[in-house]
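Heads up, the thing below is written out as structure tokens.
Which chain is which? They are A, B and C, in the order written, and residues in each are numbered from 1.
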Amino acid sequence: MTTSETAARSRARTLLTRLEGPQTMGRGPAFWTVAALAVAAAAAYPLIADAWTVGNAAYFLIWTFMAMGLGVVWGYAGALSFGQTAFFGLAGYAYGVITLNLGAAYGLTLLALVLAVAIGGLFALIIGYFMFYGRIQGVFIGIVTLSVTLVLETFMAQTAGPQWRIGEARLNGFNGMSGMPPLTLPWFGGDIVLYPGPPLYYLLLGLVVICYLGLRIMLNSPFGNVLVAIRENPHRVGMLGYDVRLYQMLAFGIGGAFAALSGALYTAWGQYITPSSMGLTSAALPIVWVAVGGRRDITATLIGTLVVLAGFQTLTIYGSQYALVVMGVLLLVTVLAAPDGLVVATMTQMGRIFRSSKR
Amino acid sequence: MSEILRVQGLRKAFGGVVVANGIDFSLSAGAMHCLIGPNGAGKSSFFRLLLGEHAPDAGTITFDGSDITGLRSFQRIRRGISVKFQVPGIFKALSVRQNLEVAFQDHLHGQSLGATIREMLDFTDLRAEEMTPAGILSHGQQQWLEIAMAVGVEPKLLLLDEPTAGMSPDETRKTGEMLHDLNGRGITILAVEHDMAFVEQIARRVTVLHFGSIFAEGTIAEIIDHPGVQEIYLGTADV
Amino acid sequence: MALFQSVFAMLYQFGDTFAFLVISCAGLAVIFGMMGVINLAHGEFIMCGAYVTVSAARAGLPLPLAILTGALVAGAVGMVVERLVIRHLYQRPLDSIIATWGISLIATQGVLIVLGSTMQGVGTPLGSIDVGGRSYSLYRLILMACALGLLGGLYLLFYHSRFGVIARATIQKPQMAHALGVNTGRMYGLTFGLGAALAGLAGGLYAPTMTMVPTMGATFIVESFVTVVVGGADIFLGAAPAAAILALIKAGLTAWYGQLFGQIGLLVTVILVIRILPGGLSGWLKGTTR
């Protein structure tokens, strides 16, 4: 083997070690091959499906960021936040306000996207500071975060009059804001406008892959080690010299930034955002995806979210009330029988079958 | 010998219960010192005051020349105080290796982190259990793991609250050897203990605490012969 | 005369909100305040009580009996839920949130499927009285009296009855109670059932003033939680004065800025109270934290 080959091999191995670790399920060539095949299949999907279906699939991908963010905050740092939708909605409105005022030319929608995520993440850091440096723990984190999102929903709901505007953008109360431009990429022959369809789908797929891999690296890093230690025994972590409040706040900020990403993308996808996206029912949905999928593992959260969303949409064909009943049953079953998540339980079972069949 | 810890006039009461009644205490760097006393004397409370878990009603704590009375717990740890609690404070769902990583990763990285973790695994005899969840270890093994973790923050002073509680005589002896080893590396040891054989194995000087005050201080031999000490343990004294 | 009218109007508004908060939070105060279980299905026990009450009333039962029936049925359902679900989750508070939210979903959507999106209700009885040109519902005045009666009754129950003493002991120190021969499982079931019955009572009492929709629980849940959290663990030292203070805040904000700002005021209050008074009002008054 030449030195450059050895160097390349060891670089690949270093990258793999940073992607793998005790905090994340799935390791080794078999796992990554399957993962690569899944991404390839997802990339090939628009070739066999019509544009509307692909736009619908893009809709699913949008929610995965919020789910992964909640997975970090709840599953890894141990704080059940009921208010991720606050950052979702805030970022959605921010995207709307910025793009309605500045327009879509020169790639400004991308700037709006980045700014919306930054605003959401910053707000999350502030709320996180208020909670964790104020010694708020356990169920009270859930109550405070739920209250925050409900305050935002109620406030936005009463912004109906014409005096409620930021520049050109009217906030519009209950009806919400609409008409903002979708994501628009500047291009030589003319801007590419990403309406729901294959181009947006590819952009989102790429983002999901990048975020997933990035989170895996973060969770398997020393920072991730401290997060899971905090989940296990926060007192001890403090007694090892770490400022636990800082780590919790940072984890919460990351979760908020991911929720904000979902929010801004959602607004760009559908060209509308309403206060109900921050309401009681919306706030509980991410909890469902993450609880059913599995909160302790980022891969399970990602897969679980997609499975639950797809299932929910299928059931809604029969009537949304049946879908919600199934959702409620899923929650009960998960909590009572598989508290680590149904996807995790399935993956563990499959792992056991795989291992025992090798003998 | 320089002084690593000085406590002056430390007072703390919870409602009507006085746990620290004007404690004056001094510890030299490099010492191996034990804190003994009957139940309820305030030994664990004294540790919690040193660590910053409770704020004292009065008094100061000076560590390594600086006043740490107003600092939060994690700040005191960063200055070089480390603790091993009575109930093993390890991360039960994480592997032994991960427990050590969390303890050491703030000070070491990469190669030296790996090397130190290997060394610690040998030090605690846990090489074979590197990847097992710490909750599965035996009680004695969990205590040793926690001692190793307490060393990870590169302490100058190591506080141990009943480190041999629940251990067999063999495990107790090994723990004493570990503490001597750490002391040889320059770490000052202050331990709360009930097991007199262990105290004899590790301590050069002993302090007796009673009702939140220092009752007596001296070498082991002096304390054992002290008539008052026998009485407060047996409950015949009018103190 | 005009002064009397406006004072009466304000007092009425205050009393109305106070009654609403006390009656709707009583069940949750027992379940969350005493047992530490977050019951997101609280609104659905209220809905259960309301639906049963209305059905019983329309079947011919006099309204007070119908309301009692509603409360009892809700209590029975509560005991079943406790036995099947809650009992496994006492050590897992975060999971009890999710489980009760699942129950809430099943209940609301199930009722929607089986009974439709709305059910015929009963009208508000007793008409209205006229004070200075404005008419006030007599029934809602009665509800204010009910709220005070409820507080009195609960006080007698928890502090002067055998059940109450045993319940409080079991919840504070279950192992001790068990060692003294108390059937702790049954106590938990009865206490949770009591909380559910109180929720059903709230539903029954307010049913004549509301439209019967499966999601009617949502009207109560935010206010109930805010009152219980602000109040702290003790119903009398906590939830009652909390209801008074919150009624003031809500009435004031609603009068000056409108309904939605009244709601925002309640939510901001709960956030601030969690931050500044972790044990709620009763914790602060007793000098303890939760």
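Keep this in mind: a contact is a pair of C-beta atoms (placed from the backbone, for glycine too) under 8 Å apart; a residue touches a chain by one contact, two chains touch by 3 or more.
The shown structure was predicted, so the numbers you read here are calculated from the model rather than taken from an experiment.
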Category of the chain touch graph - line, ring, star, complete, other: line
Top-ranked pair of chains - ranking by C-beta pairs in contact: A-C
Cα-centroid distance, subunit A relative to subunit C, in whole angstrom: 35
Subunit B and subunit C, separation of their C-alpha mean positions in angstrom: 50
Separation of subunit A from subunit B, taking each centre as the mean of its C-alpha atoms, in whole Å: 44
Set of subunit A residues in contact with two or more other chains: none
Subunit B, residues touching no fewer than two other chains: none
Of all residues in subunit A, those that touch subunit C in their complex: 80, 82, 130-131, 134-136, 138-140, 142-144, 147-148, 150-151, 154-155, 157-158, 280, 284, 287, 291, 319, 321-322, 324-325, 327-332, 334-336, 339
Residues of subunit A defined as touching subunit B within the complex: 22, 222, 225-226, 228-229, 232-233, 235-244
Complex contact set, residues of subunit C against subunit A: 38, 85, 88-89, 92-95, 97-99, 101-110, 112-113, 218, 221-222, 225-226, 229, 258, 260-261, 263-264, 267-268, 270-271, 274-275, 278
Subunit B residues within the subunit A interface of the complex: 51, 73-74, 77-78, 82-83, 85, 89-95, 98, 101-103, 105-106, 149, 152-153
